[in-house]
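To start, the structure itself, in structure tokens.
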Amino acid sequence: MRPLPANFIIGAALVAVVIGVAAVSLIWTPHDPADLDIRGKFGDPSAINWLGTDQLGRDVVSQLMAAARTSMAVALGAVMLGGSVGVGLGLLASAIGGWVEDSVMRLADLGFAFPALLFAIMLAAVFGPSLTNAVLAIAFINIPVFARVARAAANQIWTREYVLAARAAGMSKLAITRDHILPNIAAAVIVQATIEFAVAILAEAALSYLGLGAQPPASSWGRMLSEAQTLMYLAPELAVYPGLCIVIAVLGFGLLGDGLRDITDPRLARAR
Amino acid sequence: MFEMNDMTVRFAIGEALRGASLRVAPGDRIGIVGESGSGKSMLAACLMGMVPDAATLSGTLTIDGTDMTQASEAAWQAIRARRAAMIFQEPMTALNPLRRVGDTVAEPMRVHLGMRKAQARDRVATLFDEVGIPDPAARLRMFPHELSGGQRQRVLIALALACDPELLIADEPTTALDANVALKITDLLVHLSRSRNMALVFISHDLAAVARATTEIAVMYGGDIVERGPTADVLADPVHPYSQGLLAARPDLRAFPRDADGSRRRLPTIPGTVPPLHAMARGCRFSGRCPVERNACASVKPAPVGPRQATCHALSRGVA
Amino acid sequence: MATCQAGSHMTYFLFRRTVGFIATLIAVSIVVFSVMNILPGDPALTILGMDATDDALAALREDLGLNDPVMARYFGWVGGALVGDLGVSHSFRVPVAELISERLPMTVSLAVAGMIVTLMIALSVGIFAAANHGKPGDWLTMFLSQLGIAVPAFWLSILLVLLFAVNLRWLPPGGFPGWSDPVAAMRSLILPTVALALVQSAVLARVTRSSALEVMRQDFTRTARASGLSQRRILWRHVLPNALVPIVTIVGMQFAALVTGTIVIENVFYLPGLGRLIFQSIANRDLPTVQALVMLFAVIVVTANFVVDLLYVLIDPRLKART
């Protein structure tokens, strides 16, 4: 057995921590994140408030934990939504081929022209800013990525001998897609999904920072940062913690995705 | 001139070159023959200081009396192109695809000899003419992908000649080329060696090309030079068991020999395959495949014996 | 002759690419228009708010042309845009085009400066890592770039501001004093540019490194070495130009990130550019402005990709022959 690559192990550890914290926050946080205590504002780290309190006296640690929940939820939603649509499109393009494939891929390329931010801006301008809009915007930019990956992987499987045999035996393309193509592209899709998870966390943070994502009272690392920015001269450390959390989460999923890719496709001639 | 003594190239997994000695004088035309993994490319790399960083060298290499064995990269950069030059096996990929071939050939002249652009360009045209490239003025403005394999090899030869080196090492120059082009390139190399009094080290597994191009030959196997001598003599009458096996394996198109009972004779082959570097014997590396092998052969390294400097225990005993 | 054929191939190639480019622009305009106009939601209500009278709403709808058929409104918008009429801003009560041209220099300066610094950092770091492959320098740069990808641009900006503005007080924490004092103007652009560049260069540095390593494995670098050329010369004159070819494509893809990054950074540092304008417009429910700006940014990204596509062919003589 080859040893697991370092990035996989580190990534998995970081991811476990983040998901663990988010899960725990569902049932327990040191304090209620929304609990105000104006007189206790800007408190120093203590046994009660492990990282101190913010400008409204809220416990920082509890806020960070609740924000982890938001991050995970948004990323999960966006990746599942964008992923399923994207993979569906990719499989469709690959199965039918020809001009359908070309037009689907062209459509997907359109998605590349649109940064998530622009899409979120449009939705926010029309519907008002909300977390749902953020999820939709991030899902939207995931679609072309998954479509490309799914199509490329599926194209490789269609030419394999057992698929050719199945087609000769009269199996429908739908059945083949379900039984043969899908299981075989699962690895590539999962790797991409992990990486897109990292992208989604970053995107949600950016959107929340700009006010286009999580609205109060929902916690978000991005929103915490934007609030902290106005208080830079008073409590600079408040600007450090949420950012650190974002980095840990994004790094974790990114490394995990890289590690998964190394494991599932070691043939890839990548310059390590 | 170029003198290599007892050169050993050692990697963590084994020795790619063992105790190789070679002397190259001006105007010599020496052939190095052997199959893949025989160490012939490593020998050539030693002559140019292009051995991989992971290797340790022992032995000596002197160029006109200067010891280059532990020389720095900077010291070698002064030698390369100006004293010794090398052409490699794959002409298709050996040229920078983004540069016109004329600029590529001009570069060493401008860097090492300080030539100006126009001066270098004229000299490139002359060189192209010398190596047999038709219409040099037009060709030097072309990109590599616009030239055929044979033409690219000629460009590479011109590049090697740019600073008038004393030694040209050709590592499998014809292997990737068509048979008739290969012939022309071989003849070109011989002609250049003669006209410039330039030493030529011709490395190949193509025995016919080596026969045509060289006056001396060294046969290599598993990192050892197993036999050496005048080309005609060695090819006609090899003494080392490996050389014998190698030469017996040549298909002869002029005759279709038949046995006494009229059946066609099979092409003889050497049984087994070349072992990987880490599995090489500590003694004679041909052990395990040798028809006249003795017990001691695998563990004791044979010393060169006789006029052919053949490394074979059986020979030193007067058998075979 | 080979060159004649290449010429006509090139023209055909250019034609096909240009058609594709225009088609993409049209598709993008349709998407933008649809999202902002056809999706359920009453713009008049959004603009005037819940307390508006029915009459006011009806008047505004008429004013905005909301009662016209969709197609007519679309073509009206596109037609207007092509001659420079992007509608009128509700909040500022001036033509949108005017708002844009006022703020364009700021955004362009930031984006261009950001791109230049990004390229400088990414190319040198990437080549450095490749030249030191396997040694500590390589691992360090790879770790830093992995970090760079994970660090949000706005957080990095805040950290930079904390260090250089709050702590050391060398540079201003935000805002823009105007172009009249060039020195002060430059000073207020330093942190934004650095923040933008550091984050962008992370991805590009990795791509540069792997591209350079790929090139270094190719035969012509061995030929160059055998010609006695110095390692520096080989790296900069042979490896880099060849490594640039795939890098150029990535740079094109980076334009989407550059646009996003510029918008975010402008908001972090309160710079009066198009990025700030977009957010002010969202807050003001100024739909025509938002629509125009989104379209503008999308056009920039699409155009950048188109130009990169063409550049790619120009750089590599092999592709010129193949087109």
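In order of appearance the chains are A, B and C, and numbering begins at 1 in each one.
Just so it is clear, contacts are C-beta pairs under 8 Å (C-beta built on N, C-alpha and C of every residue); 3 or more make two chains touch, one makes a residue touch a chain.
Please read all numbers here as calculations on a predicted model, not as lab measurements.
With steps allowed only between chains in touch, the distance from subunit A over to subunit B comes to 2.
The two chains most heavily joined by C-beta contacts are A-C.
Centroid distances built from C-alpha atoms place A farthest away from subunit B. With centres taken as mean CA coordinates, the chain nearest to the overall protein centre is C.
Computed centre separation for the pair subunit A/subunit B is 56 angstrom, with centres defined by C-alpha atoms. Note: centroid distance subunit B to subunit C, computed from Cα atoms, is 53 Å. Subunit A and subunit C have centres, each the mean of its CA atoms, that are 22 Å apart. Only residues 24, 27-28, 31-32, 35-36, 39, 41, 43, 46, 130, 133, 146-147, 149-155, 158-159, 161-162, 166, 173, 209-210, 213-214, 253, 256-257, 259-260, 263-264, 267-268, 278-279, 281-282, 285, 287, 290-291, 294, 297-298, 301-302, 305 of subunit C touch subunit A when the two sit together in their complex. Residues of subunit C that touch subunit B in their complex: 2, 218-220, 222-231, 233, 238, 241-242, 315-318, 321. Contact residues of subunit B toward subunit C in the complex are 48, 50, 73-74, 76-82, 85-86, 88, 90, 93-98, 107-108, 111-112, 143, 145-146, 156, 159-160, 162-163.
Looking at the complex, you find that subunit A touches subunit C at residues 109-110, 112-119, 121-129, 198, 202, 205-206, 209-212, 222, 225, 228-229, 232-233, 236, 239-240, 242-243, 246-247, 250-251, 254-255, 270-271.
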